[in-house]
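Below are two complexes that have subunit A in common, paired first with subunit B and then with subunit C.
Right, the complex of A and B next:
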């Protein structure tokens, strides 16, 4: 095989999920009436912003060879904290800050710190106390959701302060600012993972933790940072969620975790760690979102969504095995 | 003997009730190649891990360049100038050759104050290092998982030759190498030693020890059973020291 076809083939393999996305969009556009509209595509991006942001944090931890099941509950807690502080109806306390715009950084900071706090607790228990990541974050998934229920008393907060809501309403090039925030997150974290020593170290830790330790990389520090980041990013997802729903309910975001996992796996991240990239994850998120949109447009009962998502995850895993086979032959 | 680089004094290591090392004392000089021999379970790998910061000794003292020294982590040992090549390969197979070569020591340049990997600079260095060692790898950008065992070990060996330091510990470095690569590996060791770097090599193969080492240290049941200059002993005598049949040729070198 000459180097050029080889490189072309590797490029296709590396970006397979993007090609899948384009393929699926093309098929839908051809066969589903009214699918091919800018508004629909904008909607797909808009609808995937919360899930997308959450998937970034999850992907970071999984690439580093661990697991974080708590991201969904952490996002809900972040949203609830923002909701209680800055909503004016329901259980909202309607805190007012002057000038108005000050509520934006403050609410964002609240959501991020709530997430980072849970993340650092997870990180400490998993990395320093050497407990199992699956169990620790499963526990967090349960207790953080419990905390959301407890502080809200099962009720909801409505009418988020307009200054914060502005991010969900104001549009730039047809997309609300919240969607741009998600895109920005993907760009920033993709660069961090691909171009900085920190990102490189996370990937290598996920590949062979012993080797990185022996090479003098501060494995524990890097892993704890990854967990804190996953928490903080989940907090950001919560902030976006609060804006999107203009408040917070006790069961906000239930089920997002499994979609996030699906997106991460479809995006080419291996659950064994060390493999995967964030652009792929974003494509995975968009793929899920475009399929949801297609189901809506075709007027299929929404109950089918889950079946299709599940099959898609299966297909993604099979595709991954297939890809491995091709790569082996390439080398 | 040349100036002592590393001196071990009565190093002990217990794992619970098991005494893996029961008072190891010997020294390594600058530019000296010491072959560390011993049967399976004699404590060779444990000793290497203690020197390289992977394990802490239960008791005992180490002097590195005349100063008391104890590495708590591999990073500390590395900072002091101790490089280690382990028996089970220490490569991340999920990243490419260049990333492995620079693991933990990436070349970066600042972009807006943020350290960014300088891939091109790193690739140039790796290209040069591999070429000068005569190792051929089709693409430096292919992931290590797609390389053969010999190529992987060559990367590890070239890595330590490149980074050098002051003392190199090699734990069974040639296990996966072919005849020609082993010969080249042994040459590499001599070259490294001639630069004044101390080398400790653990091996099972008597022939290799006699080919490359200045001095042979035998460990048996966690103590030094023999410490002799290469010229003053024979493979048979060393085998006897390893199995403990006699103590012929035992005693300090020189």
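Right, the complex of A and C next:
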């Protein structure tokens, strides 16, 4: 194989998930009535915002060689905290701040703090107390959802303060601001992962923790930061979720964890750690969202929707495995 | 060490004593097996059943199955071992619980079906609004709304279902589509909101508004799904009244949406009456006495008891809530429990 062909092939493999996305969008546009329109593409990006942000935190921890199953429940807790404080109907307390824009940073801070708190507890138990990440975060997945139920009493908070809800309604270049926040998060964290020592250290830790430690890198500190960030980012996802649904219900975000895992894996992040990039994860999120939108528009019988969804995700992951096989042959 | 152990045992004994204060004063303990608490109707049913059963002399304990069929089966087995006065079951899965119901009844424990009807095996009492009937009431309302808007029953309806694995939503869909079949000029697009999750409903509405901008009516199978649907309508620049909206179950958030002008109709499940009916007949159920068919007044609602193949069955009509009657305190969504005390049926 000559170097030019090899470079071209590597480029395709590096960005395979983006090519898959383009291919899927083209197929859906051709065969599904009403799919090909700017509004639908804007919807796909908008619907990806919550899942996308949540996937960033999850990807950071997975790249560092660990796992965080609590992100879905943490997002729900963040949304519920914002809902209880700043919603005016249901169980919302309708807290008012003056000037009104002050509610935006305060609500965001609440969601981020709630997430960071759970993340730091996870990080401490996993890194300092050396407990198993799967078990600790699984426990957090359960107890945090339980906490959402306990604080809400199973009821919902509705009618989010207009100053906060503004982010879900106001549009810039056809996209709501919540979608821009998600895109901004991907840009910022992609740069952090690619250009800062912290990002590079996370990849090194995920690749070989012992070697990284011996190289003098503060493994524990970086890992705890990764867990705190995953929690805080999940809190941000909760904030976006509350904006998107104008409040919070006790089951808000249920099922997002598995979609986030699917997006991260489709995006090329290795579950073994040490491999992966955030732009790929974003493509994975968009791919899932475009599949969801296609299912919505096809009007399939309700009973089969989950089967089709699962099979499409499986197909995407199989293609990714195929890609890794080719890459190994090239190496 | 002995002293510490003694102190610990004393504290534990004190805690147990405070947790079990007055067994002797009640007619017995009734267990309520609730399918989930992530839903306002279900949490409301816990407090309503507890309140009404207390009025007729029973203590109630609740076990939450977290929407897991196997979990509810285990709970049934555990409760059977405790030999309570009765079990009230709102089944996660209508058919999977059949053996557990049979086991409880074989052990001499009466089983009451609440909210979710099980027809495959006999029970001692069933109190339901009827999920298929909710679909029927919704269809009648949809016909009225479409006629008012389009001059006759024609147009496009987006039906936002709950989780496709939940028979509750499939029954409402069945009832709704059964009645709407008579109107060939009505197109119904049905999409499921996986796991009853609100943001999924929001995405469905956002997508469908673009693919089918001529949607006349959105019918969500739960009020909390309508909230997310409204958020999507708002994002799309719609105002209250631009698209007709309807949902079912009568949760507080649905009533709020009616007051704000977004929702036209909410088909209520008569939660208070369903719970009160169980309490009214509990003495007869526990005493294994005959429950006579006929009409009964349950919190002012005319309800009919019939003897079916699966046992005595009380059906309480669900009401259609609109702007005209939204403040009626009888609707559970207004969260004003009835002040009248329930009396056992003689």
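Following the convention adopted for this analysis, the second predicted complex is superposed on the first by the 320 of 331 C-alpha atoms of A that agree within 3 Å, B and C clash if a C-alpha of one lies under 4 Å from a C-alpha of the other, contacts with A are read in each partner's own complex, and residues count from 1 in each chain.
Heads up, the rule we're going with is that a residue touches a chain if its C-beta (ideal position, glycine included) is under 8 Å from a C-beta of that chain, and two chains touch if they have at least 3 such contacts.
Remember, it's a predicted structure, so these values are computed and weren't measured experimentally.
S.K.: Since both structures carry subunit A, what do subunit B and subunit C do when superposed there: clash or fit?
M.R.: fit
S.K.: Can A:154 be said to touch subunit B (first), subunit C (second), both, or neither?
M.R.: In the superposition, A:154 contacts subunit C only.
S.K.: Check whether A:173 is in contact with subunit B, with subunit C, with both or with neither, and answer first, second, both or neither.
M.R.: The answer is neither, since A:173 touches no partner chain.
S.K.: Using C-alpha centres in the superposed arrangement, which angle lies between subunit B and subunit C as seen from subunit A, in steps of 10 degrees?
M.R.: Angle at the centre of subunit A: 140 degrees.
S.K.: Would you sort A:216 into first (subunit B), second (subunit C), both or neither based on which partner it touches?
M.R.: first
S.K.: So, A:245: does it touch subunit B (first), subunit C (second), both, or neither?
M.R.: second
S.K.: Touch test for A:328: subunit B only (first), subunit C only (second), both, or neither?
M.R.: It touches subunit B, and subunit C stays clear.
S.K.: Considering only touches as defined above, state whether A:297 meets subunit B (first), subunit C (second), both or neither.
M.R.: In the superposition, A:297 contacts subunit C only.
S.K.: For subunit A, which side has the bigger count of touched residues, subunit B or subunit C?
M.R.: In the superposed model, C touches more residues of subunit A.
S.K.: Minimum Cα separation, subunit B versus subunit C, post-superposition (Å)?
M.R.: 30
S.K.: Could you give the residue numbers on subunit A that contact subunit B in one complex and subunit C in the other?
M.R.: The overlap between the subunit B and subunit C interfaces on subunit A is empty, containing no residue.
S.K.: Within their complex, state which residues of subunit C touch subunit A.
M.R.: The contact residues of subunit C facing subunit A are 37-40, 42-43, 161, 164-165, 170, 173, 189-192, 194-200, 202-204, 206-208, 210-212, 224, 227-228, 230-231, 234-235, 251-253, 256.
S.K.: Within their complex, state which residues of subunit B touch subunit A.
M.R.: 52, 54, 73-75, 78-79, 84, 86, 88-95, 99, 103-106, 108, 114-117, 142, 146-147
S.K.: Mind pulling up the subunit A residues that touch subunit B in the complex?
M.R.: These residues of subunit A touch subunit B: 195-197, 200-201, 203-204, 206-208, 210-218, 274-275, 327-328, 330-331.
S.K.: Quick one: in the complex, what on subunit A touches subunit C?
M.R.: 33-35, 37, 39-40, 43, 46-47, 50, 89-90, 149, 153-156, 158-159, 165, 168-169, 176, 241, 244-247, 249-255, 292-293, 296-297, 299, 302-303, 305-306
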